[in-house]
Amino acid sequence: MGQGRLVLILVALAAALALPFAAGPFWTGLVTQMYIFGLLALSVDLLLGHAGLFSLTHASFFAVSAYTVAILQVRYGVPTALAAPAGILMGTALALLFGLAVRTRGVYFILITIAFGYVVWGVAHRWSSFTGGDNGVTNVPFPALGPLAVGSHTQYYYVVLAAIVLCGLGYRVLIRSPFGLALRGIKASETRMQSLGYRTSLHLYAAFALSGALASFAGVLYVYYNKFVNPVAASFPVSVEAALMAIVGGTGTIVGPFLGAAVVLGLRNWVSSFVEMHHAIMGVVFIATVLWAPQGLVGIAARIRARLAKGRDG
Amino acid sequence: MAEQALRVDGLAKVFGGLAAVDGVSLAVAAGERRVLIGPNGAGKTTLFHCITGTLKPTSGNVALFGRDVTRLAEYSRTALGMGRTFQITNVFPDLTLGENLALAIVGTDRRKWVMHRPVAAYAAVRRQALDSLERVGLEGRADQPAKLVSYGERRQLELALALNTNPKVLFLDEPCAGLSPAERQRISQMIAGLPRDITVLMIEHDMDVALGLADSVTVLHQGRVILEGSPDEVRANSEVRDVYFGHA
Amino acid sequence: MTSAILQAINGVSLAALLFLLASGFTLSFGLMRVVNMAHGAYYLLGGYIGLSIAEKTGSFALALAGGGAAIVVVGYFIDRFLIRRTGENHLAQVLLTVGVAFVLGDVALQIWGGDNLMVPAPAYLKGAVILPGDVYYPKYRFVLIFLGVAVGVLLWLLYKKTQLGAVVRAGVDDREQVNATGINVDRLFVMVSALASFLAGLAGVAGGAFLTLYPGAEWEILVYALVVVIVGGLGSLEGAMIGALIVGLLDAYGRWLLPEFSYFVLFGPIALLMLFRPRGLFGREY
């Protein structure tokens, strides 16, 4: 890894560690959200940037895991040590079921994931006896593992930071592995991969499950931050925004989705302070990204770097 | 009698009323170099697709070393030893040459499922990839993205990919198409130098290359086999000449 | 009349509405390879505009026509200046049109507010009919069924029996073919697109006179239309018809028999389809 890169990472890490003290509770909360949704965007990008599958159902795993944690902790008094893993398990189980969608490709895959996502939202919305309907589940406590209990939002910020750094490192190993390379091969040419001996649908199914597990983990982090969960967490806009964050930041990278989350959440926060139409603003960002910056911020950065290099040599 | 590496019985592929392959049967002995020739539209590539599993035939059977593979998926056939190149170059453009080959190398074994070690940690894979690149004349280019190398070089990569899947029967679809004379030489030499424990079936338009490499030739016309024989027999046959140069 | 039959009529009336929306969506894809996720927003906006027309003029017929026409205009501009720029990149199309839907939704919210609104329909269409067994049943559901069948028959005739339909069918099968015959493909695309937009707007007015219009309705109806298209197969008119019937009936029976789990009932057929026929009943490999 280049010197410059290493320095950049260390600076970013230092800034992240210092944030709660330098910037106060509002920013701490906002950046925690950026971490959580960045992780959700990362899970979507495992499929989008590496396997070439555009899934619009990841809010399902996110929400199912959040609801599982919430219901277990609030209604049945189950401690974090069991509730959190249960959340991830439930979300991943759903991903194993929805992974059926990998029997299709292209447009069909996109539409089917949208439909699946709506089923989960619909269940959260209508099965009110269990999910609390539109009100959802509230009063979720901070996580506590025996003597180690999170006591404040600042403390939780560090928990989330540690979580995403670990996830990021694990993700890095995964995408550099033969499995990760195989996904990129499938994205480039599935027929070629099959002729090289790969059972591509199985690879994609495994990727879908892993991606669902990561989204579920984001859901666990989310519910402890938000302290409640309602059907909105499973809604279509959440899935679409996760994909948008990955694209705005730059697909196929590890930092891209987090950068994208920062941009999208930051923008929404800034805009909603003076205008009510935040969905419309999101819509404009989607349109603008598709038309003018399909490679996202990482792509823009690469283009700027290339132009600077040309300027130097030229 | 030498074991039959490949046996095809009554293979047919019909597209909406048109029979691209119309009842082809052939048998290739282990270690043989068989060349498939025929004018454009004779059904050669479609025949390859049906044998390797890229397409499902309308009827007929395919057996590899005596084992019926007609109902097996393409990836299973590769695992059993079928390797192929494509007529239209089908490499991975955004991946480096080294990565292209790594995919081929681990494609037929369990390493493709490893998720916890980087590809770069597999020294044996790297070495095999570098060896391959050298053999096809692409040494030193392992870290270049495939989309940046020339058409001819990508064709060489295409061949290298197929060779790295541990093939027992190799299907080459016009390996020399679009190559310069020097590149053609290199590729034909490579193919000629392949060990005899690999059986080779080749589609080729260039008569000199084809007849120079072949042990025997199968001539296809309008989806049917019209002649099978040694290169000399085929060269002398008037019907073949008609098909190529007269009325098709 | 038994509950089961009443539920069937419920299902068929929903199917009629869904068919209006799904037919345009599926033909747009079949011919132009365009996935337009703003179709639900077209429905909602068309409904709201029809509502305003009906309130101002008192004419339901004008509302239906006006709602449809307004969306033809909106759809044309979105097609020409936005969707065209995405080529056949489906990911880009989905993101772009979702963005458009978000914008349209918020604009509608600003203009018509967030309350549940209903398009005023003339009295002779509303009210109840008395069915065998002394059952009172909403007349309007039959109006919807009639509308759905009428449009279905018209589209069918257009698609299967006219020159234009033949060209569209050929185009759905093989676009190169249509290009080669020298027919003005651009104009064809604009026409099919306009038809799809009109049907969506019309559906909004027709639906809005019975189901209400509210922010979020555009996504709920779109998802149903998507399931119709998935089940029926992208690009197939027959698929849209049969798919709409299946989805409509499943939804009606699901809500009746398992109200809290009715969404599961919708999920069932998709899952089954995934296992046995991923491209839908009448779909083709794309």
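When the chains are written out, they are named A, B and C in that same order, and each has its own residue count from 1.
Note that a contact is a pair of C-beta atoms (placed from the backbone, for glycine too) under 8 Å apart; a residue touches a chain by one contact, two chains touch by 3 or more.
Here the structure is a predicted model, which means the values were calculated and not measured.
Undergrad: What are the two chains with the most C-beta pairs touching?
TA: Top-ranked chain pair by contact count is A-C.
Undergrad: So which chain is farthest from chain B, going by the mean of the CA atoms in each chain?
TA: Chain centre farthest from chain B's centre: C.
Undergrad: Of the chains shown, whose Cα mean is nearest the mean of all protein Cα atoms?
TA: A
Undergrad: When the C-alpha atoms of chain A and chain B are each averaged to a single point, how far apart are the two points in Å?
TA: Whole-Å distance between the two chain centres: 43.
Undergrad: Could you please state the distance in Å, as a whole number, between where the Cα atoms of chain A are centred and where those of chain C are centred?
TA: 32
Undergrad: Suppose each chain is reduced to the average of its Cα coordinates; what separation in Å results between chain B and chain C?
TA: A distance of 49 Å separates the two centres.
Undergrad: In the complex formed with chain A, which residues of chain B make contact?
TA: Residues of chain B touching chain A: 52, 54, 73-75, 78-79, 84, 86, 90-95, 99, 102-104, 106-108, 111-120, 122, 161, 165.
Undergrad: Okay, in this complex, where on chain A does chain B touch?
TA: 173-174, 176-182, 184-185, 188-189, 191-200, 203, 206
Undergrad: In the complex of these two chains, what residues of chain A are touching chain C?
TA: Contact set of chain A toward chain C: 48, 54, 56, 97, 100-101, 103-104, 106-108, 110-112, 114-116, 118-119, 122-123, 126-129, 236-237, 240, 243-244, 247, 276-280, 282-287, 289-291, 294.
Undergrad: Any idea which chain C residues touch chain A in the complex?
TA: Contacts found on chain C: 29, 35, 82, 85-86, 90-92, 94-96, 98-103, 105-107, 109-110, 219-220, 223, 226-227, 229-230, 234, 259-264, 266-267, 270-271, 274-275, 278-280, 283, 286.
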